[in-house]
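Next up, some structures in structure tokens.
You will see subunit A twice below: alongside subunit B first, and alongside subunit C after that.
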Partner chain A sequence: MPTLDELMRQGRPVARHRPWPRTVVDAAAWNAAAGRLSDGDWTLLGLWGEAGAVHMALLDGTGGIGVVSLDCADGRYPSIGQRHPPALRLERAARDLFGLQPLGLPDIRPWLDHGGWGLRHPLAARTEATEPAPSYVFLPGEGEGLHQIPVGPVHAGIIEPGHFRFTASGETVVRLEQRLGYVHKGIEGLMAGADLDRAAALAGRTSGDSTVAYALAFARAAEAATGATAPPRAQWLRALMAELERLANHFGDIGAICNDASFTLMHAHCGILRERVLRAADACFGHRLMRDRILPGGVAVDLANSGVAALRALIAECRARFPALTELYDNTASLQDRTVGTGILSAALARQYAAGGYVGRASGRSFDARRTPGYPPYDTLRFDVPSLDAGDVDARVWVRIREAEQSLSLLEQILHQLPEGPLRAEPTPPSEPCEGMALTESFRGDVLVWLRLAADGTVARCHLRDPSWFQWPLLEAAIHGNIVADFPLCNKSFNCSYSGHDL
Partner chain B sequence: MALILDLLVQGGQMALVLALSPLLTGFVRKVKARLLRRRGPSMLQPYRDLLRLLRKEVVLADNASWLFRVTPYLIFAATWVAAALVPTFAIGLKFSWTADLIAIIALLGSARFFLALAGMDVGTSFGGIGSSREVMIATLAEPAMLLIVFTLALVAGSTQLSMVAVMMSQPEVGLRVSLGLALIGLIMVAIAENARIPVDNPTTHLELTMVHEAMVLEYSGRHLAMIEFAASLKLLLYISLIACVFAPWGIAAPDSAPLAYAIGTAAYLGKLALGGALLALFETSIAKMRVFRVPDFLGAALMLGLLGTLLLFVSRSL
Partner chain C sequence: MRKLLFSGMFRAPVTEPRPPTDDAALRELAQAVDRSARRRLGHSLSIREVDAGSCNGCELEIHALNNAFYDLERFGIRFVASPRHADVLLVTGPVTANMRDALERTFQATPDPKWVVAVGDCAVDGGCFAGSYAVVGGVARVVPVDLHIRGCPPNPNALLQGLLALLDRVGEGGRSA
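Now for the complex of A and B:
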């Protein structure tokens, strides 16, 4: 069995793909990779298409990363999803956008294309859609006394749209099937032909709650492609923003999970903490969510001394108040009764799907893009990647509590060690086409950005893979056997992105 | 003359519960908001909401039957009549001689029966879920309630609320274990009946966790106003019931002076405020339980009622 290195050497390496290699392989090597994936030796980081080719980012057991590509001029390629289910939805999405047919994929239904675009394969052939899309057939659940509960895409609360089809036996969920794609914005289509600044802005709008992580991933991919490096101070400020974003999201979601168990006290207090973080971010960087603050080559704004003071005050306040909230969560028996043992995700599934973030870490998969592959300045910072094995809602809450504590410590370290220097080194436009890739850790998990720049410096193709691609299917598995009324709690503990997934 | 006075007191009681119930709901919400360090909406907001709903157009599902349209009025009427039978500021109400505590339970049960039917009428899955959960809760809450009533009836020798209130205000009743059990049981039933945390969450936006709200999801306009009003009335009813049976102090006796009625009203308002505040405090300090824990919760109420009754029998026979 070939290692990833050997497999990469078998094919034709692509020049100017940084920082990890990309190789164009033949169908045999492609299938060999599928075998290694389905055996669980390697991890699928992403699968995306373009007109006439399909690409797959792989992570082997030793932390090596590589991209294998398969040319498919006839628009067909051997399906990975038929052997490795995590690729299923990615292949369906690539089929909708590019018309690439995965041979052997059992699921022939569309995924992102709901028939409302007026054309088919919008990123490749752009053929007019002549006939209306056939109605979407949900997978059947058969048995005596089973009934279906359709939920969404419009929900009673103010959340993003997604459809959930429950097949239930009384209150017990027998099958949950998701249907997503309602917030497809065509980001990858808008990216094509955009200059770097506009593309960076678009990347930051993929999923609003992870705008820093997306902007960072895009900036790092663009820097890798052009061979540029952001100045040290910019790198540290980026990490500062990323940790602030992580902190705000963790605070907000810990409270929101408790709120879904109708424990509003936690929600109110966590809401206050989240608001404090956002206000500090606003005071430091001029935007509560820090959107458009990270650019290819550096950052847009500097951190003033007043900002440092605001952050120190924020850290002090969080350290003073958060432990009491943690204790409240731990000591409220009625709340523990809801979260412990609810929505258990098995370690095997988390590993198979390469679940990132707290979803994976609560089920024993302690992957963190800040560690593997790692990026500056995290190599010089001390932090733990908390990981638990229980896999239930409670474990996911605890991982987030511990991560919030780690983020506070990281913020302190960054403030302490923040170097002086310039904020941005504008990337020099490439003279020939080049490709870059980056993996960054959003609060939800690893964001992958793959970018190809044309010779004139505009974006030829950019793919953004949200961590939710590998977490949404796991929610379907985690809810199995739970009661319908516990779904909101499980869903909130996963808190997958609709917008980032639908692109 | 006496008849006119009686009718006045009864009429006053009916008007009072109607006028106060949205305020009580608003008060509970306000206290909850303050406990969460929010400012919260005005206590008068429920009145404005009712007014807004009454002015709004009713949107009906195409397949809604007459039952769906009639049910809100039925529920409102039944709940109002039931609330009018519970002595609030005065005992010896004109109507209370025609209906006792068991009749009140029956009225509320009928209202619930129709609401559960209406929840299923349109045929949406949420209505069905809500109705099935509501009926599950009802089948557990009603026996518990009846056992509590038996306990009270054994102590007071009557199921008439006025008689019970008079009896309970006598010093010879004293502190009894059975009554303590009945009080706790009644509070548990009241929480379940009024769809409060930890059994149900009246403010949730999560369709899948709703019980009461799921049944009324399809209602709008004046229909919804009637249902919301009935829910407020029901909360007031239960707090009044607990106050009347377990804290009958200050309640005006029949044919007493106007001052006694004034004292009775003031005492009643105080009891409502206390009950509302305690409810808000309790709801803030606890998470909602799993749907399948509700039988345990109400089973405990049932057992408390049963224990109360048994203890009385045992102590009598000695």
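Now for the complex of A and C:
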């Protein structure tokens, strides 16, 4: 069996793909990679298409990363999903967008295409859709006394839209099936032909709660492609923003999970901490979510002395208040009764699906893109990647509590070591087409951006892979055997992104 | 828990004073709200939020309206779970082709009198997603809009100003003391 290195050497290497290699392989090597994935030796980081080719980003057991590509001029390629289920939805999406047919794909239903675009394969042939889309057939759940509960796309709260089809036996969920794609905006289509600034703005609007992580991933991919490096101060400010974003989301969601267990006191107090973080972000960078503050080549704004003071005050307040909330969570038996043992995700599934973020880390998979592959300035910062094995709602809450503490420490370290210097070194336009890839750690998990720039510096193709692609399917597994009434709690403890997934 | 509750009694509330009503919003609303409707609604508004394609940034700031700083409910404005209980639909996002149907049906399920508030730059004209094969456009392309609150996302203060303007119009001068 080939190692990733050997596999990469077998094919035709693609010039100007950075920082990891890309190789065009034949069907045999493509299938060999599928074998390594299904054996659990390698991890699937992403799978995406373009007209006439399909690509796969792979991670081997030693932290090596590579992209393998298969040319398929006839639009067909051997399905990875038939052997490695985490690829299923990615292949269904690539088929809807590009018309690429995965041979052997066990699930041939459309995924993002709900029949409303007036077009088929909008990113490739763009043929007019002549017939109306057939109605979507949900997977059957058969047995005595089973009933179905359809929920959504519009949910009973301030939540993104998606459809959940529950099959239940009394109160117990026998099957949950998701149908997503409602907020598909065609971001990858809008990217094509865009200049770097517009593309960066679009990337930062893929999933609003992770706008910093996306802007960072896009910037790093663009820098990799063009061979540019952001100045040191910019890299540190980026990490500062990323940790503020993580902190705000963790505070907000820890409270919201407790709220879904009807424990509103935590929600109210965590909401105050979240608001404090957003206000500090606003004071430092002029935007509460820090949107459009990270650009290819650097950052858009500097941190003034007043901002440093605001951050120190924020850290002090969080350090003073958060421990009492942690204790409250830990000591409230009625709350623990709802979260402990609920929505268990097995370690095997977390590993198979390469679940990122707290979903993976609560089930023993301690992957963190800040460590592997790693990017500056995290190589010079001290932090733990907390992980647990229980895999339940409680474990996901605890991982987030511990991560929030780590983020506070990271903020302190960054403020302490922040170098002086310029904020941006604008990437020089390439003279020939070039490609770049980046992996960054959002609060939710690893975000992957793959980018090809044309010779004039505009985007030829950009793929954005949200961590939710590999977490949504796991929610279907985690809810199995739980009661319907615990679904909001489980769902919130995963908190997958609809927009990030639907694109 | 008791300690937390107790200390809460002695700390000053974090809640912000009421922001001034947004003048531009008042002008846009002048035509939208007639007197008879005001009488029927009295002094409160029930809002149903509909994400018709947003990036979820707008939702984050709408959520913030419920936190202790903005405390929307003190104005008699609250979020409800069903369009059938709503006076106002708060719609975010560029309307995607895949959400068009659901938005129309939610609008139809909302009883009269009703108002639609479009939240965020995307909801005005599709924002940076305009022109995509998957996007219909601004909210007004699908349902009639009474008020736009701009921003990407609008911050909670801007949202509050817009909603208070709506409440003022609807409730003839807001809440009676």
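The rule is short, and it goes like this: the second predicted complex is superposed on the first by the 503 of 503 C-alpha atoms of A that agree within 3 Å, B and C clash if a C-alpha of one lies under 4 Å from a C-alpha of the other, contacts with A are read in each partner's own complex, and residues count from 1 in each chain.
Operating definition for what follows: a contact is a pair of C-beta atoms (placed from the backbone, for glycine too) under 8 Å apart; a residue touches a chain by one contact, two chains touch by 3 or more.
What you are looking at is a predicted structure, and each value in this text was computed from that prediction instead of being measured.
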*May I ask you to decide whether A:R338 touches subunit B, subunit C, both, or neither, giving the answer as first, second, both or neither?*
first
*Touching A:G116, do we find subunit B (first), subunit C (second), both, or neither?*
second
*Where does A:S207 make contact in the superposed view: on subunit B (first), on subunit C (second), on both, or on neither?*
second
_By residue count, which of the two partners contacts subunit A more extensively, subunit B or subunit C?_
C
*Would you sort A:L265 into first (subunit B), second (subunit C), both or neither based on which partner it touches?*
both
*Please work out whether A:A324 is in contact with subunit B alone, subunit C alone, both, or neither, and reply first, second, both or neither.*
second
*Does subunit B (first) or subunit C (second) touch A:F487, or do both, or does neither?*
first
*For A:G189, is the partner it touches subunit B (first), subunit C (second), both, or none of the two (neither)?*
second
*Could you say whether A:G157 touches subunit B, subunit C, both of them, or neither, answering first, second, both or neither?*
both
*Touching subunit B in one complex and subunit C in the other: list those residues of subunit A.*
156-158, 265, 268-269, 272, 332
*Quick one: in the complex, what on subunit B touches subunit A?*
32, 35-38, 125-126, 128-129, 197-198, 201, 204-209, 217, 284-293
*Enumerate the contact residues on subunit A facing subunit B in the complex.*
147-151, 155-158, 171, 258, 260-265, 267-269, 272, 332, 334-335, 337-338, 483-488
*Where on subunit C does subunit A make contact in their complex?*
1, 3-5, 14, 49-64, 66-69, 79, 81-83, 93-94, 96-102, 106, 128-129, 131-135, 152-153, 155
_Could you list, by residue number, the parts of subunit A that touch subunit C in their complex?_
114, 116-119, 122, 126, 153-154, 156-161, 181-187, 189-190, 198, 201-202, 205-209, 211, 252, 265, 268-269, 271-272, 274-275, 278, 282, 288-289, 291, 324-325, 328, 331-332, 497-499, 502
